Amino acid sequence: MNSFGVVFRVALFGESHGPAIGVIIDGCPPGLPVEAEDFMTDLRRRQSGSVGTTKRKEPDLPEILSGVFNGVTTGAPVTIVTRNSDKISSDYDEFKSIPRPGHADFVSSVKHSGFADMRGSGHFSGRITWGLVAAGVIAKKIAGSADINANLISAGGSEDIEKAIKEAMDLNDSIGGIIECRVRNTPQALGEPFFYSFESALSHIIFSIPAVKGIEFGSGFRAASMKGSENNDPFIDNSGKTSSNNAGGINGGITNGNEIVFRIVVKPTSSTGTDQTTFNFKEGRMTTLQVKGRHDTCIALRMPVIVEAATAITMADLILIDRGIHGER
Amino acid sequence: MNSFGVVFRVALFGESHGPAIGVIIDGCPPGLPVEAEDFMTDLRRRQSGSVGTTKRKEPDLPEILSGVFNGVTTGAPVTIVTRNSDKISSDYDEFKSIPRPGHADFVSSVKHSGFADMRGSGHFSGRITWGLVAAGVIAKKIAGSADINANLISAGGSEDIEKAIKEAMDLNDSIGGIIECRVRNTPQALGEPFFYSFESALSHIIFSIPAVKGIEFGSGFRAASMKGSENNDPFIDNSGKTSSNNAGGINGGITNGNEIVFRIVVKPTSSTGTDQTTFNFKEGRMTTLQVKGRHDTCIALRMPVIVEAATAITMADLILIDRGIHGER
Amino acid sequence: MNSFGVVFRVALFGESHGPAIGVIIDGCPPGLPVEAEDFMTDLRRRQSGSVGTTKRKEPDLPEILSGVFNGVTTGAPVTIVTRNSDKISSDYDEFKSIPRPGHADFVSSVKHSGFADMRGSGHFSGRITWGLVAAGVIAKKIAGSADINANLISAGGSEDIEKAIKEAMDLNDSIGGIIECRVRNTPQALGEPFFYSFESALSHIIFSIPAVKGIEFGSGFRAASMKGSENNDPFIDNSGKTSSNNAGGINGGITNGNEIVFRIVVKPTSSTGTDQTTFNFKEGRMTTLQVKGRHDTCIALRMPVIVEAATAITMADLILIDRGIHGER
Amino acid sequence: MNSFGVVFRVALFGESHGPAIGVIIDGCPPGLPVEAEDFMTDLRRRQSGSVGTTKRKEPDLPEILSGVFNGVTTGAPVTIVTRNSDKISSDYDEFKSIPRPGHADFVSSVKHSGFADMRGSGHFSGRITWGLVAAGVIAKKIAGSADINANLISAGGSEDIEKAIKEAMDLNDSIGGIIECRVRNTPQALGEPFFYSFESALSHIIFSIPAVKGIEFGSGFRAASMKGSENNDPFIDNSGKTSSNNAGGINGGITNGNEIVFRIVVKPTSSTGTDQTTFNFKEGRMTTLQVKGRHDTCIALRMPVIVEAATAITMADLILIDRGIHGER
């Protein structure tokens, strides 16, 4: 359940304001070079700091607790953690009785019968994706020459992202965005029959990322308006190269070796500085809520690296499964 | 891999032109009334026959091989099969050297090192969804009062679906469509932390259905253009009811009790009657291919019942997991 | 749950007196030659017929429903079934109120809330192992040069097995036995860290076989009386060969390349022709029961081939996992 | 793979001489009271210190990193770690070229292609069971009124355990032992059909514990010498109570409500102070090895609490699965 993968398995743990957050990776091949420094580029990309991101600052330095020795993975489970430090928990006290619209406050209280740690959204916090990014760094080493790149291609409906964020900040509001991910040099034949298709596996992990509300591959929702003769991608050489790529590099759930292309939609940050009408569950009446605390104007800004990590993890798992069943290709 | 679910587990088997196709369901509660007749309504909805669907006719009568006795499930695995009958395999011979654009011909050959049964697309055929629909019939009994309805809301970009299909048929071409699924009376608290969110589990099974290339929940891709203050759904009563439903009934990956709403895009049927340019792998040169055989102008027409089944299976699994961990609610 | 394996996954279905029993194998590599005839040797070894086995005769001919085409596996799930034919269900009617001692009658009724198919012990019947043997035939092809041999080495406490069975038949009673399994030419490095050790995986599947009540590896229970200096196996060459084999070919849960040796105990068949005292649940009083019907004097006689199958399935799964994570060795 | 359980899932990580060892528990119900102090009784039972155990002293204080808030479980994954402190790694340097007989040195080197952390046996160390005991403390809260007791009932073949250990110490050698575990007040109906029988699940986790080489349930290996009429347990009342308990509380893989009884054999500690003949892989010749460092004369002394933990974890998982599928009983 709270793990992903069949052979290369990732499990996340931690709460936003608990002692630490982290990740455990099982099924990791031995001999991969791993140093604490390797994580810093991706972890920094995930961090806040730029315009439009929260003021919460976490050093987020990774500590490798297991599975790495003498600078390489050992074949035993890899565990990486970081301590939480910059916590202001009092910000979150009132959300038990007045759950924030769009947040997990209400459902986590119902789900966990009132026992959830709701400080900073607890285990539902976007902060938990830290471990996903850390696992992604190792997964990228398995994905080998595959070149995974995710970018925010629009925010608030505009391709001038900087401007859109500034406008939202001026309104004390938040905005969503669209992230496009492309994988060049992708191995062929990734994905297993029916239930573990490439798209099934990838969407499974992608929708675990907080704030994602949609995903499309290749021509995606545009395909609904296309003819088969337009949408089909003609093969043009012996390697399986196609002249168009409406399939986003995937036929029948299996990678065909062309560029993998998919887009995800990230909803606007639920926390906004504007007044919001909602229900006070304790007092049984409507009320007005203004979410204080620190939050991102556009959480999508910090998510490309998370999407890359999720993609790398999916590919690593599918690569190891395929190699197990079929041998080296 | 080729199974779905943690407690209520569904595995599919069979090839389009093999002896039989079917499904095995593990973790099915005992005491559910099940008769062969129960399956007929949904299986018929999946069948071809109406304008825009293939001329292949299969009686598709289900035979229950295990797990049901005296008209109720026994608690042992439930197996349901149907024999394939209306097979014309010679249609498919040339696709080994000239893989059809948009089809799994090329990838299945690469994936399975040339050993795949490619007759009628083999295990990659949409026909394999027969078992999904059969499993869905049982899953709906577990989902209880939840009312799951999927509909084709547009085809070829038009809401006048009948007209769109007629036009495509006139062009000897195929079209895609968008299916919307709504679940009323949905239980709260379905979905597990992080990796087994409702959206993760549902999208996993949905993308296993051939021809699906995108999914969005609630406001979906439109959320990218919305402000947080617009997209957030204010709570309006003690039950967790919200005045809008941009979240599609899901916050933080957990159902909040409001209607579940999601849409999927179905690409145009890859088989079209028009001439297509593609590569002849045997002769190493470009060629022109006209796909003969029987095929659907708009495969999306037959898919609402499959989407409902996938939704019911997901809900059944999440219901059993939730009840296991949390007890009866 | 009712499946075994991580990559090479086996699921069984069927009831003793239902329409059919069978097996589905997922994660099966493509290109393995498989013909119906391949199964007959092992399936016949599992059959009754010799002295000391039940008079129920099933032709048990396998039908391959999926996953095999042109005499080789295709990479899609392999499904193999056989029809039940020689059923006399009336034998079993009274066991609902007077559960047979040692049988699953009582627990299956509790477990499945009275809905279990109890004819011929239903899904709890030893007959369900038919599918295990069928899957074992395919698994042996993956295990390659490994030579798996199981034998009944004692029955009723005696190594003169024929005599022991004759004596038990004369008493109208049943006896247990010990089966020893040895694997020569076993690959090194099978078994994964901690929870998927070779012994964990193998004992998991072995204890699924009805009537098994114990397993020991290498010196097994004798090791409790040995000194470390006696029990340790000294290495004697560069390949890892050891001069003794008290470890049964497994150190730290991983195969070391020496012969794998384990023994299992099979309890006496629960059905005996003698009068047995037990409880009548319907009438709430003690009663005397004589189990009619056909049964084995020594079910262990038919089990070596099942133990071999379980071993081959375990090895196949561990081989594919190891190759996935570590590549070809 | 390196996790156990379907719903209540336990994963272990860490190496003997790495920074920390620990456990992550997924699927843990919210609302269970958990304090650091709760762990101390069981963790101390696992610790060394008494006669016959190693001189390595670890404070082993647990730190709860996630999943517990305000003294109760939250429903999110529970992570518990402890730092390693009393490490003397230089003891282990030579085992790379001269692997210790009976240890995992050789196989871990082969398995992980020379990259394993072999200090203190790394991930293969008995020290890794610390996390199992910690998880067991939480599992026991789920197992509720079930009363799980494991005891060392013989060592070195003698029931006078103290004397046996003293004799082994005088010889500078090590001895094995037999642990018996009994569960009173066990719930009925635990265990799932075929592959997830109670015995399958329990033996799976038990054989993950280093040094275990055999397990038997109820009359176990003695059943091989018994008649069916002796070994069958007659029911004597409406609750399913039996007058004997040769089944060890389990029929058909499902608990019948009688006491669960099983025994395991623990081999003698592989490390002994005596001279051992073995192979020097570097120099390609036989040699004599004397294992220095600190070790247990009888590791079985410390294992009853580990066996209890493994039993509790198995029961917790089976309880949650059963409640999911069948509802509250």
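Annotations for the structure displayed:
Letters are used for the chains, namely A, B, C and D, taken in the order the chains are written, and counting of residues starts over at 1 for each.
Assume a contact is a pair of C-beta atoms (placed from the backbone, for glycine too) under 8 Å apart; a residue touches a chain by one contact, two chains touch by 3 or more.
Being a predicted model, the structure only gives us computed values, none of them experimental.
If you take chain C and chain D together, the chains in touch with both are A, B. On superposing C-alpha atoms, the copy chain B sits rotated by 180° relative to chain C, to the nearest 5.
Note on interfaces B-D and A-D: more C-beta pairs are in contact across A-D. Once the centre of each chain is set as its mean CA position, chain A and chain D turn out to be 36 Å apart. One simple way to say how far apart two chains are is to compare their mean CA positions; for chain B and chain D this gives 44 Å.
Residues of chain C in contact with two or more other chains: 1-3, 6-7, 11-12, 27, 30, 75-77, 108, 111, 113, 123, 192-193, 321-322, 326. Within the complex formed with chain B, the chain C residues making contact are 1-3, 7, 9, 11-15, 18-22, 24, 26-27, 30-31, 63-67, 69-70, 72-79, 81, 108, 111-113, 115-117, 119, 122-123.
Within the complex formed with chain A, the residues of chain C that make contact are 6-7, 27-30, 75-77, 192-193, 320-328. Residues 1-4, 6, 10-12, 99-104, 106-108, 110-111, 113, 121, 123-124, 128, 154-157, 168, 171, 173-178, 188-189, 191-197, 199-201, 203-208, 210, 212-221, 223-238, 240, 242, 246-248, 251-256, 265-272, 274, 276-279, 281, 284, 286, 321-322, 326 of chain D are the ones touching chain C in the complex.
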